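Chain nomenclature is as follows: A, B, C and D, assigned in order of appearance, with residue numbering initiated at 1 for each chain independently.
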Amino acid sequence: MLGNTFGRLFRITSCGESYGDAMMIILDGMPAGIRITDADVQKDLDRRRPGTSPLDSPRQETDQVKIVSGMLEGCTTGAPLGMIIYNVDRHQIHVDQYRQKKDLHRPGHAELTYYVKYGDSFDWCGAGRASGRETVGRVAAGAVAKLLLARESIEVVGYVKELYGIKSRPMPFDQIKANLLKTKISCPDLEAAQKMIEATLKVKEEGDTVGGIIEVIARGVPAGLGEPAYDKISATIAHGLMSIPAVKGIEFGAGFELARMKGSQANDIPYVENGKIKFRTNHAGGVLGGITNGDDLVLRVVVKPTSTISIPQETINMVKMENTKLAAITRRDPTICGRAVVVCEAVVAICIVDHLMMARGYEAVQKLDKPFKI
Amino acid sequence: MLGNTFGRLFRITSCGESYGDAMMIILDGMPAGIRITDADVQKDLDRRRPGTSPLDSPRQETDQVKIVSGMLEGCTTGAPLGMIIYNVDRHQIHVDQYRQKKDLHRPGHAELTYYVKYGDSFDWCGAGRASGRETVGRVAAGAVAKLLLARESIEVVGYVKELYGIKSRPMPFDQIKANLLKTKISCPDLEAAQKMIEATLKVKEEGDTVGGIIEVIARGVPAGLGEPAYDKISATIAHGLMSIPAVKGIEFGAGFELARMKGSQANDIPYVENGKIKFRTNHAGGVLGGITNGDDLVLRVVVKPTSTISIPQETINMVKMENTKLAAITRRDPTICGRAVVVCEAVVAICIVDHLMMARGYEAVQKLDKPFKI
Amino acid sequence: MLGNTFGRLFRITSCGESYGDAMMIILDGMPAGIRITDADVQKDLDRRRPGTSPLDSPRQETDQVKIVSGMLEGCTTGAPLGMIIYNVDRHQIHVDQYRQKKDLHRPGHAELTYYVKYGDSFDWCGAGRASGRETVGRVAAGAVAKLLLARESIEVVGYVKELYGIKSRPMPFDQIKANLLKTKISCPDLEAAQKMIEATLKVKEEGDTVGGIIEVIARGVPAGLGEPAYDKISATIAHGLMSIPAVKGIEFGAGFELARMKGSQANDIPYVENGKIKFRTNHAGGVLGGITNGDDLVLRVVVKPTSTISIPQETINMVKMENTKLAAITRRDPTICGRAVVVCEAVVAICIVDHLMMARGYEAVQKLDKPFKI
Amino acid sequence: MLGNTFGRLFRITSCGESYGDAMMIILDGMPAGIRITDADVQKDLDRRRPGTSPLDSPRQETDQVKIVSGMLEGCTTGAPLGMIIYNVDRHQIHVDQYRQKKDLHRPGHAELTYYVKYGDSFDWCGAGRASGRETVGRVAAGAVAKLLLARESIEVVGYVKELYGIKSRPMPFDQIKANLLKTKISCPDLEAAQKMIEATLKVKEEGDTVGGIIEVIARGVPAGLGEPAYDKISATIAHGLMSIPAVKGIEFGAGFELARMKGSQANDIPYVENGKIKFRTNHAGGVLGGITNGDDLVLRVVVKPTSTISIPQETINMVKMENTKLAAITRRDPTICGRAVVVCEAVVAICIVDHLMMARGYEAVQKLDKPFKI
């Protein structure tokens, strides 16, 4: 397996899988002199933690993080931050359950492609590295990234925009933040949230699962981040988000709606007000030519319905190469949208810090006297 | 400016801008022993070339490519392929036109963010590196990538799926290929193509522009490509496609529709037929856990309507920081969707070759006896 | 701090410092299906471990490694290998000793440059990340790399070639291996080893330290590894070795002696014997044009004398910016050459695996029918 | 072939080979707003150009460089700088000469390893990409890097320190600069230079060639550049220099002499004078813990004697796999040390700019108030 490192200067490397001993995260590019505690990271991990509501998998992981390197007396030293989270809810009974089905492809899951790639030694236990557990590492790193961004007054906030067709109505940024943690589904429109939860529980009863759309807004991002050619900030964010398990699409600003608009409608008209540049609309999602324009960074990802369902399915035995049936599976998330919000925030935050470092390094060598700041 | 290289092993590095002397492409990771001619590359460049129909910008670029390194007596040697394309349609009259407006932000364009980032020396001429001309490099590299893929019977085909709300009806892969070049809009549904062209010309008359959706299908991609964590094949393809100018979203398989589906609908049910694994549907777009599953790779991108319109717009003078007006601009593409098809194909092809190299290198060290091949 | 990842496909990322809680290593690019135990890694760690002879620092670290991810039932799964080693010999008394001197620059050490780079929050405790403790990560990863190489019958063996002017006489490869662990100084010429140890202990009595030269030989490396331009195998190995603390030079084959030779002397004359290509000499150190030629890879690094001495030295107070004195320091290694041998082996082994993956991936896409194998 | 890009943020990608049409260089990470002309680059290329003295190969290349992208009206725009140099001295007669010997391994050259790696299609003409011609790209990029460094008052100067055993005596930096171009051998000690030239011409008469040692000094490098772990500035410079054809070793500061020194001799004692930190010696070569300490960066590389000699040699026919003879070759450099000086300078300059960008980017995010500057 390749590719367990993400980022250029500020970068996360992670390991760990569903039923391994521990998840480890190494965060490179850490500035020195930052006060940080395990609790700062734990806060975001708790938002992702399973087993806290009927919407989640019943798996009980405490997800207790410990920072084991990169600190001296409560303060970062500049050395890479090492974080470790031990897996606790791994019982032999579950291992044995997975073992029984290890030759079967669970539709929508990755064991089929893992088997092709890694052969008989592939990790059949709890989806291995393909499990959503991998995202623990992203959330831990993202929590640190957000701390750094907060020093520049940059906020990254995600929420469930749509679930199984039920939409959150548009709301001001501050209200999104205020309501975000009020429901387990991370939807700030509390009325819609209620409907989402009810719909999900109903579908859960049927043994089924639902998907949805998460929107992430980054406010306060300075203009000028992103590299114009292959490393547009929208491109590196898309890379990071599309690598989250279950994410199958991403769009910035007006996104796919742009296919039905004319140029005169799509263009965001700028104006100067009190010496600052503003825009009448934000169809661009805050990105022009791959570079932030000072407006909110706005993007959405689609999260597919959880593949694990408790309805029997047709499938194949990968080893015997024959058709067979997969019985209903009970331990599962009726939806992962709520828990995935903080994962998406994390990836966006990591990308922004990375681009900040690249942009500031480039500028320092350029020594431009910038004529203005959006 | 950073980030003018894309790919890990098989990688493109490019330079060149709208009004520079030349576009150069260096393609690293080239295998030795491949017969290739300028004409093989030219064929795809001609599909992207402007000025060939009323749908395009009237700019006349011949886009003649010359391979200047990496070859000996008609055959690649393994050394990086160097390609150069001189810009020819760059007249003083156009430079002067751009100079007059260089302090103005053309809504939807990147000069605002370039000015923030590069200061007074930013390239105000024809959009500089932010111009669609940058994609010449991708197309040239993509043409070579496709040649390599053809040796493994992998085909990458794109087409306009939707334009300004007009949709191409679903068609078999072979018919898409057969019809692709029959119209200037690269839509294989010839009836829809006709409507698209008419609608575009009508909008053009109004001085406006339209956007659309491009679908790319890669057939014959072996199962097992893609790295499970941060470098899922869907993630690196998303990175590459989202870095194409004007692309604002990407989705794989059922994409954003998954937000409205249940797990039991979304899961692609596999079956074995004649010793091969097949799927009843392809909602996953050929990717499970970030790894190709042997089915078609299917993805779509949204292309925003061209920002340049010949309708006057409100805007700002970036230098004086004051509100002003931008007059209508006549030299422009009413839509770039048709021309962008081959650009999207190129990026996908480059990514697949890159993943092939990574996967094959990994496997060789692993020395797995693969039990089967999808 | 940036740059805590090394390698392209097979790559190590590490964190941890002298007085942190733990050292963590994430090894990416791991093949699946390899049986491996903690003991396989421990074996090499024990060769690097301090406190085992009067030649070492008296610091008592057990360096017990635990593999916490990437395995299932004793076998690698292809997921990144996560390894953790807790630091145990970290007592408050030592922390307090370091604290007292934290504003002083210990000549030859890195606290001066760390202070410049990381400011007041720099890690003043036991040299932080600049400590030789960092190399624990390299050794752990290297042990795994050697296991992989063993499957291709590639062996990587290092030894102390020279210490404080005392030279090991030339010996056959098998004898080097046989004698390597017989002395604490890792010199296979047992007579020279005895002299080295005596000289070192004598210098230790004076409160001083000594440096030396380590040679590494990799036998069985197939011809064809290395990338011809910027990533010659000699270049990436030089990168890795020069990044080991205390290493200040590296040379391949005849190395610096080539400055005094003529071309006719330097050229290694090839000949064919029993259908195989051999060379009469190995002045090239097994590398032609940056690519292995099938002969032994042979290189040497110079290791400076340990900077910590128990002789008082003139120095500066970095904070007050004034001249001062540094008292003698007692806890130290009279030489680190013996312990550094396995570190050098590790870096070379990691580089070879990385190049193997790159070369095999490239070749697979090239599908060359190789006409012969050296 | 992989690995034709070097650097992280400021990075060179190049292509071109001995008998290809052209050498192309793409320099990424270029700051905007720099006035630069072809002549600025040409100046350094002329120092590397062959055919200008009896010490060089008689090949006549004008090496005329043209900047074809990244500029607008004489000033860089921030877009990557594209440079092209057409090969002119490539006559059919030489191609035919190479063709006759294409199955033979010329001892010391790379065709053997290229043949293994690239098969029958390997480039047998004039050493292909393994030719010293590749270094044209480094020199062009290095000339630009030096321009950038000059703005921070950083100078990078190399010279021939030793040739065929004849040594240049130690000289002050300014005198090295003053004398550098006075002789064709780039040795500032004019007396030694005379001896070097005489010795070389004498060896040339014998049909043989000589090697030597080049020292590079970078003055004015600020303290704090380099990344402490795997990307120490000494490590990335070693990477770059060891990838230059014919370079077989590198050492910083006292280098291999450290193997014979005690710690008390090797440590550079610091002192404060006029509010600045200085050192009594520079055995460290300006690097502590992989980070520049504000003193001169000093390093040396060994350049092997040119492999091409006009003395007949035993060798093999690689295709037939049989022993044979190689006749004397007349077109060659009696030594390449003089011409390689500017190549070494270039690599060091590129590395410093790259590290400057990384360090400044990191610091900006860190927002340290640096307490002092060395």
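Quick notes on this structure:
Just so it is clear, a contact is a pair of C-beta atoms (placed from the backbone, for glycine too) under 8 Å apart; a residue touches a chain by one contact, two chains touch by 3 or more.
In this text the structure is predicted, and so the values were computed from the model without any measurement.
Comparing the centres of all chains, each the average of its CA atoms, the largest separation from chain D belongs to A. The pair with more inter-chain C-beta contacts, choosing from B-C and C-D, is C-D.
In terms of their C-alpha centroids, the spacing between chain A and chain C amounts to 37 Å.
In terms of their C-alpha centroids, the spacing between chain B and chain C amounts to 44 Å.
Mean C-alpha position of chain C lies 26 Å from that of chain D.
Residue positions of chain D with contacts to 2 or more other chains are 1-5, 9, 14, 29, 32-33, 78-80, 114, 117-120, 129, 228-229, 358-359, 362-363, 366, 368. Interface residues of chain A facing chain C in the complex, by the touch rule stated above, are 1-5, 9, 11, 13-17, 19-24, 26, 28-30, 32-33, 66, 68-72, 75-82, 84, 114, 117-125, 128-129. By the touch rule above, chain D contacts chain C in their complex via residues 1-6, 14, 105, 107-110, 112-120, 129-130, 134, 162-165, 203, 206-213, 223-224, 226-232, 234-236, 238-243, 245, 248-256, 258-272, 275, 277, 283-285, 288-294, 302-309, 311, 313-316, 318-319, 321-323, 358-359, 362-363, 366, 368-374. Those residues of chain D lying in contact with chain A across their complex are 8-10, 29, 31-33, 78-80, 148, 151, 228-229, 353, 356-368.
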